[in-house]
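Consider the two complexes below, in which subunit A is the common component and subunit B and subunit C are the respective partners.
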Partner chain A sequence: MKNWGFKISRPRAIDFDTADLAEYSKLVEKVPSAKRCLMCGACTATCSAGNHTDFNFRHSHLMYRRGQFEGLAEELDKCMLCGKCKMVCPRGVNTRAIIYNMRIFLNDMNYKNIES
Partner chain B sequence: MNYHPFIIPFSAGAIFLFAVVIYKFVKWFRNLDRKQMYFVNKNIFSFKTIEAIGETFREALIHRNIYKKNPLLGYMHMSLAFGWFLLIAVGKTESSFYAGTFFEEPWLAIFFKYFAKEQHSYFMAAEFSFIMDLLLLIVLSGVALALFKRVRSNFLGMKKATKHSKFDRIALASLWWIFPLRLLAESTTAAVAGNGNFLTGTVGNWLSGLPVEAIELPMWWAYSFSLCAFFVSLPFSRYMHIPTEVALIFLRKWGATAGEQYSGMTDLQLNSCSRCGICIDSCQLNFAADINHVQSVYFIRDTRYKKLTDEVANNCLMCGRCVEACPVGLELTVIRQQLRNKAEIPGKHYFEYNKAEESKNKTDVIYFAGCMTHLTPSIIISMKKIFNEAGERFWFMDEDKGLCCGRPMRQQGFVQQSKDLISKNMRLIASSGAKMMVTSCPICYKSFTEEYVLDIPVMHHTEYIKMLMDKKRINVKKSDLNMVYHDPCELGRGSGIFEQPRDVLRQTGNLRVSEFEKENALCCGGSLSNTVIELDTQIKIRNHALEVLTESKPDVLATACPLCKKSFVHGNKAKVMDIAEIVADCLNLQSEKNEKKSVNKKESIEFI
Partner chain C sequence: MIIGGGPAGLEAAYNIAINGYKVTILEKDNEIGGNIKKWVKLFPDFGDAAEIRKAFADKVNKGNIEIQTGVEISELYSENEKWFAKNGNNVIYSADAALLATGFEAFDARRKEELGYGIYDNVITSVDFEEMYKTGKILTAQGTVPKRIAFLNCVGSRDEKVGNHYCSRVCCINAVKQATEFKELVPDAEAYCFYMDMRMAGQFYEELYRKSQEKYNVNYIRGRISEAAATFDKRIQIKSEDTLTGLPMKMTVDILVLMVGIESSASTTELSRQNGINGEYGFAKSLGLYISDNLTKKAGLFLAGSCKRPLTLPETVADSRAASVQILNYLKLN
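Up next, the complex of A and B:
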């Protein structure tokens, strides 16, 4: 395909009939402060891994909230879990725990998918 | 032959107990990993074995560590352990004298009074009778204290006692019944035979109004059954610590430690926990945040019975206060780390951290600030000032695009990924050709010293500043600030650095003493190890720690960890400063001195 220097993104409308929102409520049960997040992006701005990769916690969190898990496990593995994001969060969200739990949940989901 | 059917429950219980204990021991010893086996083989025939016998005597029988916690609590444990041990040992000697041979029936010592009812004429019969009564009295006093502790644990120096499971309570009850039943059985026999010493004789006299001949045998049966119940429940209850702790003491003396992976040593430690609950009182989650189900005693119990939940495993600050408090000396944080390790999640390496830059020049010292230090830039500025003052050629390794040291990842159990980061960092360190590494973050410091294989010394900046001051490479003037020092967990208990920061502070101000210091220091609550508690709980822990630390109203709360600083700053109780900042403020700058000198010269010239 010819490289035009730009590309058209896939449509990003979320079909709430098929989106799996139950996973997010499981996460909120583990980390109640996740609900407080207002997606300001301070976490992403301070991120050590963000210096090296395109890791974006705010984005990953939003994807998870909306039940869009495609490629998310790979995305989360870029995180070094250093915890800087937790320290700068103006809303006191335990971002590190969110990443940790998302990793565990996504890993469980992958295993389920392989089995089925 | 001295035989009566009532010995059968006791004998059956004892045989069962030995079979199960031997089975478990064989299983655990076969599960020891190679490193542990190496130490066992190396040291088994050395002086260390004799040392271990001494420690067994001190800890498993006398319980010296519990005496340190509270004398009454120590006496309670000693009377039960050492008292019962002597009761068995002296009883065995007595029965051997009585039988005239060392190889009498094994149960004779246990039921001696019943089989040797009549007046005796063996060697030291009267003395033995007195000693045995005295020992029984000592053990009974221990049981009485244990009963009292159930009601008022405060009296024995424990604010909170362990909440035991039902099965443990059954084992506990059977243990408590053994000694009163023994007293009753021996006393009724004494009443029947008309003898007995000061204890059994007196109680026998009281009982003599009852039909003693009719209740004598049932008492001995009950005694035998209580022994049987205790023996059968022992291997599955907390009392498994009695045989296991001895084995653990020997293995530890030989040099075996719990490694990175779950092994036989872990099993031994899990079973060596007596669930005394001393760790509960030392846990900040308990006394500052009122979380009462995650302490080491419950963690170890849940792990042993394979009921461990993620929440209990992760809800721990890993501050190490329980490790200091544990009278058995279990490696509680190491075991928790083992259980957190996620071997089932394969190490995926999707990240490529190639933007971390190698050193361009050869330097003498590497400075690694650490992720958290980048959030407290004043530490970095101060460190730069100190480096420049000392004239050190340094390379700021993670100035712009640094990597994490790998420890936070490891603490959450992602060992593979942590190793990946470690190897990347090692390459960077090697590129500079430096002779020394300085870091500002105790978490990184512990990681560099323990998990990295480096051929250069690693120093925390407190050690480094101390070294510079000792070598007179920097000069400080003493300020009149009153300071209290807060020991960061990873630096103090974790790495054993207590004195260097204090020495530095003594030279820069007036160091005051706080209640919780050194091994007993508190955690600031900001620990990265805990992924369960939320900000509100952290604030509770932090406020409690702050209150204790600022009791003497110091001008400055000094610490040596960016994470502690960040936590305490938000408490607004006192000015929080890192040691690097304090030293940088107190520096007698060489350049200033030179300026002053030149000014003085000018003045003097003008004066002339």
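Up next, the complex of A and C:
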């Protein structure tokens, strides 16, 4: 096909009517404390991996909550499961268990990056 | 003479009357109780509003307290150290001192046209929510049980577009309360609260907020809804930024509840203006914020409750007791 130099961009917006919000319910069953997260970002601030990469646990957790899984498995690979985030959380969220279970569920979903 | 038969007026009437003075309460509605009449349960402990209202009514059921309902005061003035209040029919009430306890009114959500109140039936206010909650059910305009509901904070507060820079202070916790009540009624439904900041600065507020997330699965999204529009099946589509993901978002909800802010009541604004004690945003202005918050620059004219600024019920009651002491001192010394 002739390349005209234009392409159609996919919408950036999160559409709650079509997003897969059920996956998060499964995660919350495993880690009930996830519901208490305030998105304060203390986890991200203290993160050892975040000091050397652009890994952001708060953001990854929220994207998972919103059913936005693209590229997430690769993001979570940056975490070393050291658990510092869990020690600073003001709401006692088991952050390490969230990452661990997100990895398992993403693997189960066999989520393929649709961009590639 | 107390203008306003809400919590502030009733609490002051009781405290002044038991000290041996004759008190007249002038209430514009046909029943005393003020804004509390519209509520079912109160934050943060789901206290029964009807019971609390009855407790106030019992307190003022005394010989030396005269209650005049259906009396809307249009003029308030002093002559020769006496205070006079006149209603629309030119009936004049007089007393040695006057207490302004004319309270607040809820923001008229129609002024935020982009949110669709008064245009779409499934956009309601927090006051409408209470009215519906009195029936024991929360239903859409079509009579169906909602599967998804959204609450939007700061409607008429912290918004220079409507001229209100201030925070109304009670709407955040009220959204948490109403979302919790909704989830108790419809546990399988989704509840979302859209906020700019969650201001949980009161005893047990943060605990209720936490419980709403932990026990009731209420979702909080930091972002202000920019517009609401109806879908073909009368649901409401809302747009916002999900600021914590940094992405725009949209969702369709069955009911959108607008958490309307506190504005000065029409009586507060008018009677303050007549006496030169009009403060910011139409509220009444006290002599000083720290040690003379119930006094005005007019001798014998006092202020109590949310005619000064947005206050919670416990704050209003405490403020009203403070005003009572100031009035008793004034009557004793003059």
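The rule is short, and it goes like this: the second predicted complex is superposed on the first by the 98 of 116 C-alpha atoms of A that agree within 3 Å, B and C clash if a C-alpha of one lies under 4 Å from a C-alpha of the other, contacts with A are read in each partner's own complex, and residues count from 1 in each chain.
Basically, a contact is a pair of C-beta atoms (placed from the backbone, for glycine too) under 8 Å apart; a residue touches a chain by one contact, two chains touch by 3 or more.
Quantities reported herein were computed from a predicted structural model and do not represent experimental measurements.
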Query raised in the report: Clash or fit: how do subunit B and subunit C relate after the overlay on subunit A?
Result: fit
**Report entry** Dominant contact partner of subunit A by residue count, subunit C or subunit B
**Finding:** B
Query raised in the report: With the two structures laid over each other on chain A, which partner does A:K78 touch: subunit B (first), subunit C (second), both, or neither?
Result: first
Requested in this report: Considering only the touch criterion stated at the top, classify A:N51 as touching first (subunit B), second (subunit C), both, or neither.
Outcome: first
Report task. In the overlay, answer first, second, both or neither for which of subunit B and subunit C A:F16 touches. Result -> second
Query - Partner chain in contact with A:N94 - subunit B first, subunit C second, else both or neither - result: first
Query raised in the report: What is the contact status of A:M63 with respect to subunit B (first) and subunit C (second): first, second, both, or neither?
Result: second
**Report entry** Contacts of A:E29 with subunit B and subunit C, given as first, second, both or neither
**Finding:** neither
Query raised in the report: Upon superposition of the two complexes, what minimum C-alpha distance (Å) separates subunit B from subunit C?
Result: 13
Query - On subunit A, the residue positions that both subunit B and subunit C contact, one per complex - result: 32
Query raised in the report: Across the complex, what residues on subunit A touch subunit B?
Result: 30-33, 46, 48-49, 51-53, 55, 73-75, 77-78, 80-84, 87-88, 92, 94, 96-97, 100-101, 103-104, 107
Report summary line: In their shared complex, subunit A is touched by residues of subunit B numbered 310, 345, 348-356, 371-372, 374-375, 400-404, 406, 408-409, 412, 414, 417, 421, 526, 528, 531-532, 534-535, 563, 566
Report summary line: The answer for subunit A against subunit C in the complex is residues 12-17, 21, 32, 35-36, 39, 58-59, 62-63, 66, 68, 91
Query - For the subunit C and subunit A complex, residues of the former touching the latter - result: 190, 210, 213-214, 217, 222, 242, 244-245, 247-252
